[in-house]
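Got a structure for you, written out below as structure tokens; questions coming shortly.
Letters A, B and C mark the chains in the order given here, with residues in each chain numbered from 1 onward.
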Amino acid sequence: MNAPPPSKAAAGRFFEDFEVGQRLRHATPRTLREGDASLYGALYGTRFAVQSADTFARAIGYPRAPIDDLLAFHVVFGKSVPDVSLNAVANLGYAACRFLKALYPGDTLSATSEVIGLKENANRQSGVVYVRTQGFDQHGDVVIDYVRWVMVRKRDAAARAPAPSVPDLPGAVAPADLGRACPVIDAAAYDDALAGSPYRWGDYARGERIDHVDGVTVEEAEHQIATRLYQNVAKVHFNQFSEGQGRFGRRLIYGGHVISLARALSFNGLANAFHVAAINGGRHVAPLFAGDTLFAWSEILDAAALPGRADVGALRIRTIAAKNHPCADFPMREGEGYEPHVVLDLDYWAILPR
Amino acid sequence: MNAPPPSKAAAGRFFEDFEVGQRLRHATPRTLREGDASLYGALYGTRFAVQSADTFARAIGYPRAPIDDLLAFHVVFGKSVPDVSLNAVANLGYAACRFLKALYPGDTLSATSEVIGLKENANRQSGVVYVRTQGFDQHGDVVIDYVRWVMVRKRDAAARAPAPSVPDLPGAVAPADLGRACPVIDAAAYDDALAGSPYRWGDYARGERIDHVDGVTVEEAEHQIATRLYQNVAKVHFNQFSEGQGRFGRRLIYGGHVISLARALSFNGLANAFHVAAINGGRHVAPLFAGDTLFAWSEILDAAALPGRADVGALRIRTIAAKNHPCADFPMREGEGYEPHVVLDLDYWAILPR
Amino acid sequence: MNAPPPSKAAAGRFFEDFEVGQRLRHATPRTLREGDASLYGALYGTRFAVQSADTFARAIGYPRAPIDDLLAFHVVFGKSVPDVSLNAVANLGYAACRFLKALYPGDTLSATSEVIGLKENANRQSGVVYVRTQGFDQHGDVVIDYVRWVMVRKRDAAARAPAPSVPDLPGAVAPADLGRACPVIDAAAYDDALAGSPYRWGDYARGERIDHVDGVTVEEAEHQIATRLYQNVAKVHFNQFSEGQGRFGRRLIYGGHVISLARALSFNGLANAFHVAAINGGRHVAPLFAGDTLFAWSEILDAAALPGRADVGALRIRTIAAKNHPCADFPMREGEGYEPHVVLDLDYWAILPR
């Protein structure tokens, strides 16, 4: 045996450990199981018929019920945490996220990230790291591709920072880039009553607002179980001993948990929005804590036909989630910022049958 | 795109939205997965050998371990909630519930309900709705068939109510109607030691009382995860923000969660009662809340041979569950009503090997 | 029907109900499911690549991702509880635990125990019961074999105790007895980056200490769900009504839950220790309760080549877990006993690629 190195436990990268162009190959490939789908369902109560029933999925053209898009997203995201955001102060945003291939139980996900931007903060204590992360299946095909940026602590405030480099990010994924993960479906075989709503793609109007009505209270055990399901080990979600001494005095709920809760709430009003084709942008405006009750509302930002497809169309949806505040008044901005109960501002493209 | 309707989010039916003879086709078909069985086991700690092990199930004549009867019941029940009981004040009772076909991982459940009775309450604020709900598998076969009645709010107290109509319900399912979901088993191959008890059908006597001894404390995360597993979205179970301002100041635990907890506790004393063949009646006498500890005891009400079957017999069992009160004293009625800690009074037929 | 016996509910064995040489065949065979693996992952956040991904497992020589060793251990342990430790005061220790066969979803576990030692305590209120427990798969092969000892109450302090008999237990499993559950792997195909660490068997030195850095706070719902996943019904884990009046005023967390938490934390520093081949000894030094945050550190006690195998080697690892105390100072003993925050002292053999 060789002499031991100082420590074999990883402390995670600090801001000065990143450089633009750096490629990170993330650990822990993960086979998606039927059991993961069951747990995901039980954690969020999601009711989209395509993901819920093999019969419904097969009737419209899927080989079987696919894995929920956001479950796959969170698994890919989780892989990037030990290499990118173990020392993160905050997960600032997402952009240009595309879902490129339908996934099924038995598929295995792995992930890589490339550093595409770096910008030190003025206080020199931290900086923003931009990464483009790609998730792959067992065939090496890219299944999810997105950019996120995160504020990461510096190990040493005096360390020299690279020249600022901020990537140029699209405001939204273009309609021509949507739908690759959705097979051509038989829209006539899509059963609205079983799906839970008579409203198809053409029934929604730009500017239409939908209060999703219901609220769901989050427990510590729930968000911890969910976040571990994604093998996401960011310290802030699990360690009350250290977080109790920190900024909030509480464990912070993983932002992706909030997104999945809001998406599940949105079923009431968007039951036929069965597939998340892209996330144009997402901001975690404020933290959510155990004991808080989450509500959500959505606005239809745009509707787009998909080139060459008469079976489905895309809606660009902005979903706002608020804590401890029902959304009948559609809370969002107030003056310069968000109303104080807003926690999530998510802009995504969903696919609906035409 | 057309002009938007007022809101695409469903608010649920109120009492005046029901009429006798109305048929409701419920949303969200659901494929039962091995992962659902794992979660069900972990939520209740159920230990009946037939559902736990493929080897045991095959040895006696099942093709593999079947899905727990109550898991299937809760999934069917959950489908009816958005159409029947989203605005329910209370779930009042069940009757004539029969389990008609064994279910296995991979089977898909869907459900319909027919309104079979309506009766406005004297205060005109609400009324009782009686529905007969049927669960179907992917072949269109009826797998579960039951009646429940629920108190539903009126939208408008002044709304005219229909003439009262209360269905005639049987006191119990007849023995001749039991056992269709249980294949003919090889009772000689049924291993009592592996099953956990030497007591078979013939060893129980009418009037025999069994204290199930153990108690289990319920956590918010547990009942929420369970209720979402069933895709049951009744507001009272999940929304502390609104329930905190309501009748109890707390989230109410889904009554079916209580039934499954009591059934799991009953293993200690009824380990060979491996199949729930019918529910004759069930009453949620009082609410259960997180932090409460549930205990249970059972009385053998009757024993019945099944016509033409020498392999199994049925026991009619009354299981009483109480909160924060061990059941060594067999609590039940006191004067006109139930003792204050009683929460569940369940009357069912179970199948045991002869 | 015959006359009923006094009660069909089991109260569990007391100390005077055991005798050396007694063989106990435990109830409730259990088929391990993919869903159990999903739940196990979500409860602990385990990230060992072999158990996480079919692709990784196949690349090195497994037919698919195996079931986590400790999940199988807990399931076997759980079966022994109703027959051995329902009336236990404390689970005192484990020894000579060997993992003898890799397990996969679809395998069914059953278990037996033999009483191999008995020793009444001086106060005559209780005694120590030593059992050798074996877990079997559906082929009748022994898959897990271990000794544990547990302090069990006497029903009657005046009852005569047998002559003390304490088995001779090995300090550690011999290297020649390790590795039967690990197929010969292709160490060249083992991808260190995907596994999450460059450190293989030869890179660890005797005496090396690793702080696993992270901490995880435990919730009541989590340990209850885990313990029920194992069908372990020991009263102390579930019943706040009775435990609230007991020694600690709290529900006690199953010791195996603590072991699995510590093992998951140890990934950070021991990512390639993919298989638990044996547990030499384990002591639950102090109880863990919900709300506590668990930390862990490990010391490499020994390294051993396996006879005839060039693919893998074994590390003997001592993992200490502490509550509400980060382990950068490697807490363990202080004077005669353990430092007050230490809860677990585990000595095991892990397999790593060479």
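Everything that follows uses one rule, which is that a contact is a pair of C-beta atoms (placed from the backbone, for glycine too) under 8 Å apart; a residue touches a chain by one contact, two chains touch by 3 or more.
Since the structure is predicted, the reported quantities are computational estimates derived from the model, not experimental observations.
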{"item": "Angle, in degrees to the nearest 5, of the Cα rotation that carries subunit B onto subunit C", "value": "120"}
{"item": "Interface sides of subunit A and subunit C: same vs different residues, half threshold", "value": "different"}
{"item": "Distance between the centres, which are taken as Cα means, of subunit C and subunit A, whole angstrom", "value": "35"}
{"item": "Touching two or more other chains - residue numbers and ranges from subunit A", "value": "33-36, 38-39, 219-222, 225"}
{"item": "Touch list for subunit A against partner subunit C, complex", "value": "1-5, 7-11, 25, 27-31, 33-36, 38-39, 82, 106, 108, 110, 138, 219-222, 224-229, 231, 233, 235, 238-242, 251"}
{"item": "Touch list for subunit B against partner subunit C, complex", "value": "33-39, 41-45, 47, 49, 52-56, 65, 193-197, 199, 202-206, 208, 210-217, 219-222, 225, 268-271, 291, 293, 295, 303, 324, 326"}
